[in-house]
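Chain naming follows the written order as A, B, C and D, and within any one chain the residues start at number 1.
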Amino acid sequence: MQINKETVQNINNDAFPSHQRRFNYLADEINNVETIIQKLIAFNIAIPSWALGTGGTRFGRFSGGGEPRSLEEKIEDVGLIHALNRSSNSISLHIPWDIPDNAPSIKALASQLGLHFDAVNSNTFQDQPNQALSYKFGSLHHVDKAVRQQAVEHNIEVIKYGEELGSTALSVWLADGSNFPGQLNFRNAFQTTLESLQQVYAALPDDWKIWIEYKPYEPNFYSTTIGDWGQSYLLANKLGAKASTLVDLGHHLPNTNIEQIVSLLLMEGKLAGFHFNDSKYGDDDLTVGCINPYQLYLIFNELVEGLDARNLNHATGIGWMIDASHNVKDPVEDLLQSVEAIKIAYAQALLVDQDKLKQAQLNNDVARAQEILQHAYRTDVRPLLAEARLRAGGALQPLEVFRSLKVRENLIQERGLKTVTTGL
Amino acid sequence: MQINKETVQNINNDAFPSHQRRFNYLADEINNVETIIQKLIAFNIAIPSWALGTGGTRFGRFSGGGEPRSLEEKIEDVGLIHALNRSSNSISLHIPWDIPDNAPSIKALASQLGLHFDAVNSNTFQDQPNQALSYKFGSLHHVDKAVRQQAVEHNIEVIKYGEELGSTALSVWLADGSNFPGQLNFRNAFQTTLESLQQVYAALPDDWKIWIEYKPYEPNFYSTTIGDWGQSYLLANKLGAKASTLVDLGHHLPNTNIEQIVSLLLMEGKLAGFHFNDSKYGDDDLTVGCINPYQLYLIFNELVEGLDARNLNHATGIGWMIDASHNVKDPVEDLLQSVEAIKIAYAQALLVDQDKLKQAQLNNDVARAQEILQHAYRTDVRPLLAEARLRAGGALQPLEVFRSLKVRENLIQERGLKTVTTGL
Amino acid sequence: MQINKETVQNINNDAFPSHQRRFNYLADEINNVETIIQKLIAFNIAIPSWALGTGGTRFGRFSGGGEPRSLEEKIEDVGLIHALNRSSNSISLHIPWDIPDNAPSIKALASQLGLHFDAVNSNTFQDQPNQALSYKFGSLHHVDKAVRQQAVEHNIEVIKYGEELGSTALSVWLADGSNFPGQLNFRNAFQTTLESLQQVYAALPDDWKIWIEYKPYEPNFYSTTIGDWGQSYLLANKLGAKASTLVDLGHHLPNTNIEQIVSLLLMEGKLAGFHFNDSKYGDDDLTVGCINPYQLYLIFNELVEGLDARNLNHATGIGWMIDASHNVKDPVEDLLQSVEAIKIAYAQALLVDQDKLKQAQLNNDVARAQEILQHAYRTDVRPLLAEARLRAGGALQPLEVFRSLKVRENLIQERGLKTVTTGL
Amino acid sequence: MQINKETVQNINNDAFPSHQRRFNYLADEINNVETIIQKLIAFNIAIPSWALGTGGTRFGRFSGGGEPRSLEEKIEDVGLIHALNRSSNSISLHIPWDIPDNAPSIKALASQLGLHFDAVNSNTFQDQPNQALSYKFGSLHHVDKAVRQQAVEHNIEVIKYGEELGSTALSVWLADGSNFPGQLNFRNAFQTTLESLQQVYAALPDDWKIWIEYKPYEPNFYSTTIGDWGQSYLLANKLGAKASTLVDLGHHLPNTNIEQIVSLLLMEGKLAGFHFNDSKYGDDDLTVGCINPYQLYLIFNELVEGLDARNLNHATGIGWMIDASHNVKDPVEDLLQSVEAIKIAYAQALLVDQDKLKQAQLNNDVARAQEILQHAYRTDVRPLLAEARLRAGGALQPLEVFRSLKVRENLIQERGLKTVTTGL
C-alpha cells in the first residue's frame, strides 16, 4: 500500500482552517518562525527495520497483524510513515534480518518512496541457523579467537551490504558481557573487543563511520563489556576519528543525567548519534517522550546549543534513529508518535533564548535560567510541526490520517493477520 | 514588607493586553473555560514555614539574605507569596521551630494577610536543647519506653498548638529507622511505632486528622520504620478513620510509579495529601516540576479522575503542601515557581477528556489513550492560570513582579543579610 | 538417568577424611551442632519445572543440551538433584507447560524418586495455541469480562491438576499491567483483579492456599497491577486467610530493603513464601547468592527470628522455591549452586546468637549488633551442610559428583543435543 | 590516651589458645599461608581525620562524646586505632579543618605513634569564615574567574601544608555541579574545571600525585561536573601522568558494576585509589562491608588480579582510605570494623586460585568460575588477620580490647562529653 500526496492534501484541507488559526497565533508569539520551520522540515529521523513489527519480551509476544514479511514490505512501511510525516526519509537495516538479495532493486524501491539507507546494524547477539560458532559467550570479546574472527567477518560483511545500498555508517551494539562474577576477565574482554573493532575499523570505507553503542545490562546481567559511555568513548578514542559513541536513551542506569553525557560527547567530537526511545525502568524501549518528555527536551537543548550550525539535519553527520519495541501498539502508530515527540522537543529547544540563558548562567540566576527553559518547553509548538509537515507535503495530523485511511486494515488484507516480522 | 493589591493591579495593567490575546485564543480552543478557572481560583497550596529560608545539605549551607527571623516574618513571607499568586492561603507550622508565643495575635496577623493554618508538623528527628532524652536511636519506635513517651507527648503538644491556631491536622514524619543490619528488630519497631501512634491518635480532637508520612531512607541508611506506602497504609488502617497516608513526591525508591500509589490510596480512602517537590536521585527537594513535570501531571490526572468532585479545593479534605529545600534559589521565587508548576499540572489534568480516555481504555486503544493524555499536557495552559490569578487579585506574572518590586532587597534591608531561618 | 545411593556413597568415601576434619573443627567452634544439622536435613527447597532447561532473553536463547523433553524427564532431573543434595524433594509445576496426562503415573514416578509436588503455577502471561481470547492486554485485570473469565477458569483448572498430584497451593503471578500512561485505569484494574481472584479463591479446596506474587515491572514497563508487596498484601487481606503474599527476590525496585518486607509479612501472618534467585539490576533471575549473599543471609535471619519453631521445614506452611533463568550455566549445576547458597544462608542464620542480638538492640549497641550478625555470617558453615547431606544420603560435594558422573553427557546421549524445555 | 604494646600483649595472651587452634586449622587448609600473612601485615589503610568524630545528616547530628578537639587529638585517635589493629599507619588531613600550626611538632607526634601522612584533601564545598568569595555556585568550575582563582590557590596551599608533613598526594573532591536544568553549561563547566586543575597540577611537586574523585550527586541534585569515572578519567588524561581517578565506593548510581570500573582504571594506569565505605541507597557512608561484603571482595579480586606485585602495600602507589560517616556508632569502633572488613576482603581475594579461575574463564565454565570465587569468599579468613595483627604487635580482637580498656570512657574524661570534631 502507498499513500499518495493528493490523498493527504485532501484530508489536510479539512483540517486547514483550524491549523491556520493556531499557527498564526503562535507565529505572532515567537521570533524566527520561518527559520524554525525550515529546520523542522530539514530534520529527519531514521526508522529501524526491526521496529515495523510487534515486539515482545522473554515472556512472550502478542502479534498485531499485517506486519511486513520482507525487506520490501519494511521499506514500504517506512514509505507510509514518511508519506504521512515527511520526517522519516531513511531506513536502518539489520543484518542478517534484512539481507538485500538484489541491492539495486531495493535501492530503487526506496528511492521511489523518497527514502535512503541510514546506518547498517550488525547482529552478534543471536546465533543464526547454520552458523559455525556460537555467540553464547560473546562475540567480539570472546575468549576464543575463532569466534571473534567470525564476528569480525560478519561486521565486515554488513559494511559490504551497506555500501551497496548507500549507507555510510556501521552501528555496533554488542551484547557481550557476563552473567556472573568470575565469568569474565574484564580487562581481557575489553582488550579483545578493542582488537576486534580495530579489524572492523580497518575495513571501513573512507567516508564511513563506526558507531559504538553502550548499555549497562541486558541480555547480560552482571557486566557488559561496553557498559557505559566512558567505556564506549575509550574504545572510540583508541580506534580513531571514524569511531564515535552512540547514545541509546534507554541504555543507562537509574537516574543517569543523559543530557550531560550528550554535552560532553559533543564537546569531545565523539557523539555518533541517538537511538531514541523512552523508559521508566530499564531498556523498556517505549514510545519516545511517553514517560519523561522534559528529559528529551533537555537533551535537544544541549544539541541545539552544542552544535554550531544549530541545524540538526543530515549535514551534522550525527545519526538520528528511533529504537523502540512496540508490544501493545500498532508499530506504525507508535513510530508516528515517536517522531512527533522528537520534533516537538527539537522545536521547543529551538525556542530557547540562548543569549538570555547564557546571561542567566553567568549571573548564577538559577530561577531565571529555569524560567527561560520552561517557557520554551511550555509553549505549545505543535502548530509549527504541522506547518512544517504541510509545506513538505505531509499530513497535518499523521496519526489521524493513518487511521482514517484504514492503513493497518489494508496491510492486514494484503499481508495477513498472522505475519511476524524478524526482529525483537 | 507587604504588597498591596493596587501595586499588583498597576503592574498587571501593562501586561494585560498580551495576556488578553493569549487567554482569548486559548478560551476558543478548549471547553469549559469558566469551570476550569473557578477550580484554579479555588485551589490553594500550603507553604511550610521551614521553606522560607535557604536550605542546605550535610556538606554545608549557603545563606541568601533577608530570611525571616521569627514566626511573624515567616507569615509575612507567605503573605507576600499569596499577594502575588493568590494560591497560597495557608502556612504549615513546624514545632518546635515555630512555637507561637501568642496564638491570638499570630492568628490575627495571618488573617489580615488572608491566611490560615494548615497541618502542624512535629519534630522528633532532632534533639532540642534541654531535651531530657535523645532521639539518636529513634522516637516513636524507640526501644526505651521513656523516649517513646517523650515523643508521644511532643506530638500531643503540637496538636495543642495547632488547635489554638485553627489547624485540623497533625502531619507526622518519622526519621526512625536504622543504619545497619542488626541494629533494629523490624517487627518490634513497627509495633512500638503503632502503639505510640495510637496514643497520639487518642489525643486527636474530633475534627482532626493524622497524616502518616513514609520515606525509604535518609537520615537512616539501612531501614526506615515507615519506609513505604504499604507500611504507612498498614499503620493508618490499624489506627482508624482519622489516619491516612501522606505522599511526599521525593520519598520513593528509584523508578517508583507514584501515580499508581496515589490512585490506590484514593481508592482505599487513605490518601492524606501531598508534600510536593521534584527530584532526580532521592529526596532532593527541588522545585516542583523542574525535573519531570509529566509525572506531576500524571499524578494530577489520577486526582482529577479519582476525586468525585473533581475540584481539588479544601473541601476534599486532602492536604496540598510544598516541601522543598531551596539551596541555590531565592526561597520565595522557588515557591512561586513550585506553585505555578502544580497549578499547571492541575489545569492540564482538567483538560483531559475523561470520557474519551475511558473509551480508549475500554478498547485497549493504547495509542489513542496516550494521544488524549499528551494533547492536554502539550496545551499551553499558562493563560488560564494568569486569568485565575487576575480575577483573584493576584499578579499576571508573580515572579516578575517579585523582582520588579525588589522584594528581596527590601527584606534584606529590613532583616539583614545574615539571617538564618530555622529549618533544613 | 538415575543416581543411586551406592554410587554417591562410594564417591563420598574418598572425600570423607577431609570432611571429617573440617566438620570436627567446626563442631567444636559452635553450639547446638546437632540441632542445626537436623534443621538443615529437614529443610528442602522446591525446584520449578521450568528451571530445568536453558533460559533466554528477548534477544535470544542459547540452548545447552540434554534438556528434559517431557514432564517425566523434568521429574527425572529433579530426582537427580535430590539424589545429590537431598534438599530438593519437590517440584513445582507450571500449567499449561506441564499438564500431566496421567496423574497417578506421574505421582508414582515422583514418589519413587522421593519427590512430591509443590505449589502449582498458572500462566496467563502468554497466549497458547487455540486459546479463544488473548492476554495481550492482561488477564485477571482485563477490561473485558470474557477474558477475565477465561483466566479465572484457567486458574481453577490449574488447581484441579494440582489436586490430582497432591499439591496444596496455587501460585499466581500476573503479568497484568500497562506499558504507557493512560493505558489503564489503575483502580479499575485493581478491582477487577480482586474480583477475579475472589472467584479463584472460592474454588480453592479446604486445605489449599493461594500465593499472590508481586513485581514492579517486566513484561509491562509502565505499571504492574500487582506491583509491590503493599498491593499484594491488600489483595491477600481482602481475599481471606488462605491468601498471602509471595516474595520473589528479584521483584523489587533498586535498593529495596527486602528483609524488612519479609519481617512485616511474617508479623502480619501473610508471608506465603519465596521464589529465590539473585540479581544486580532487575528480575535478572541469576543463581541464588551469586551477587549479594549477605542480603540472602539477612532475609534468613528474619525468618529464623520471626518463625516460632525456628525450623523452616514444610510444617511452617511457607513455600520455598528457586526461580531462576539459567542462560549460560548448566541448569542442574545452577540449581545445585542455588540450593547450596540458600542452605548456607540458613545455617549462618541459625548460628546467630539471638539473645545477645536482642540485648544489643535493647542497648542500641549498634556496633555489637553488627559484630554478632557478621560473626555468624563469616563462619564457614559448609561442613555443616556437607554433614547434613551425608546423613541424609546425599553427596558431600554435589556439583563435583554431578560432573564426575558425567550426568549431562549422559542426558545428552539419552535426549539429544537440541532439545528445548518449555519455559522461559 | 595511648595504648602500649604490653597492655595489648597481656590481653592477647588470654585469647591466644583459641586463636592458635583456629589458625592452625586454617593454615592446614590453604596454601601459602606465610605469603598471605606477610601481605596482610604490609597492607595499611589510611584514616581520614574527619572520620574520628560523629557524623550527621542535613536533619541533624547526635554527638557521641570524647571526640578529638584538635589535630593532635585526631592523630592520637589514629594512634589508638593503629595500636590495636596495626593496619592504620597513616592519617589523611583535610584543609582547612586540620591546618597544622606547627608542622614539625605534628610530624613528630605522628611519628612517635608509628604514623605518617596520607593524601591531603582540599575543601571548596563550604564557605569558611572570612573567605572572600563564596562557593555557593561552585569552585574550580565557577563562571567567575576570581572564584576559580581563589579555589586554585586554596588547593595549592593545601599542597604546601601536605609537603611540610610528608604527604605526596592531593585528593580533590569537587561538589561543583547544579541543582536545576539550565543552571549550568555543562561543557563550559568541564572546561573551566580542567583549566583550574591544570593550574593546580602545575604546582604539584615532582613526586606528588593528584587524585580526582567523582560523584554523581549530592550536594548538587541535578548534575555534578565530575559525575562519573568517565568524566574523571577524561580530566586525568588531559592533565597528565600525575593525575588519576579516585574511586569512592559510595559515589555511584544504583547497580553500578564498580569492580569493572576498577579493573579498567587499573588497565589504563589511572586508578588513584579508594575511599572505602558501604551503602544501600546513595553516598550513605556506612561501615565498610556492612551491606554488601561480596561486592567489596569482588573489587579486591580485581585488585589482586590486576596488580603485578599482587601486594597492595604502599609501594603500589595506590591510595587506600576509609571515608565514612559514623552517625550512630562510636567512630573508633566503626573504623576498626571497617579496616577489618577491608582486610577480610583482601585475604579472601588472596585465596583465589587465579590459575584455575583463568582456566575456567578460557573454557567459559561459568559455574566453575563461580565455585572458585565463592570458595575463597566462604572461607573464614579471620584467623589469618588475627595472626597478622599478632605478629605486628596488634590485638587479636581489636574491638574487644577497645571496649575492655574503656578507651572511649577515658577519652570522654579527658576531652569532655560535648566535644564536636570538625568534619561532616
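As a working rule, contacts are C-beta pairs under 8 Å (C-beta built on N, C-alpha and C of every residue); 3 or more make two chains touch, one makes a residue touch a chain.
On a predicted model such as this, the values are computed, not experimentally measured, just so you know.
*Asks:* Report which interface contains more C-beta contacts, comparing B-D against A-D.
*Replies:* Looking at B-D and A-D side by side, A-D shows more C-beta contacts.
*Asks:* Report the chain whose mean Cα position is at the greatest distance from that of chain D.
*Replies:* Most distant chain from chain D: A.
*Asks:* Report, in whole Å, the distance between the mean C-alpha point of chain B and the mean C-alpha point of chain D.
*Replies:* From the centre of chain B to the centre of chain D is 40 Å.
*Asks:* Distance from the CA centroid of chain A to that of chain D, rounded to the nearest Å?
*Replies:* 43
*Asks:* Going by the contact rule already set, what residues in chain D reach two or more other chains?
*Replies:* Answer for chain D, listing residues that touch two or more other chains: 136-137, 179-181, 183, 216-217, 222, 254-255, 257, 280-281, 287, 290-291, 294, 328-329, 364, 366, 370.
*Asks:* Under the stated contact criterion, what part of chain B meets chain C in this complex?
*Replies:* My answer: residues 136-137, 143, 178-188, 190-191, 216-217, 222-223, 227-231, 233-234, 253-257, 259-260, 263-264, 266-268, 294, 298, 301-302, 305-306, 357-358, 360-362, 364, 366, 369-370, 372-373.
*Asks:* Which residues, counting only chain A, touch chain B once they are in their complex?
*Replies:* These residues of chain A touch chain B: 22, 25, 29, 254-255, 257, 280-281, 287, 289-295, 328-330, 333-334, 337, 344, 364, 366-367, 370-371, 374, 377-380, 382, 399.
*Asks:* Where on chain B is chain D touching in the complex?
*Replies:* Residues of chain B touching chain D: 55-60, 62, 125-127, 134-137, 175, 179-181, 183, 216-219, 221-222, 254, 279-282, 284-287, 290-291, 325, 327-329, 424.
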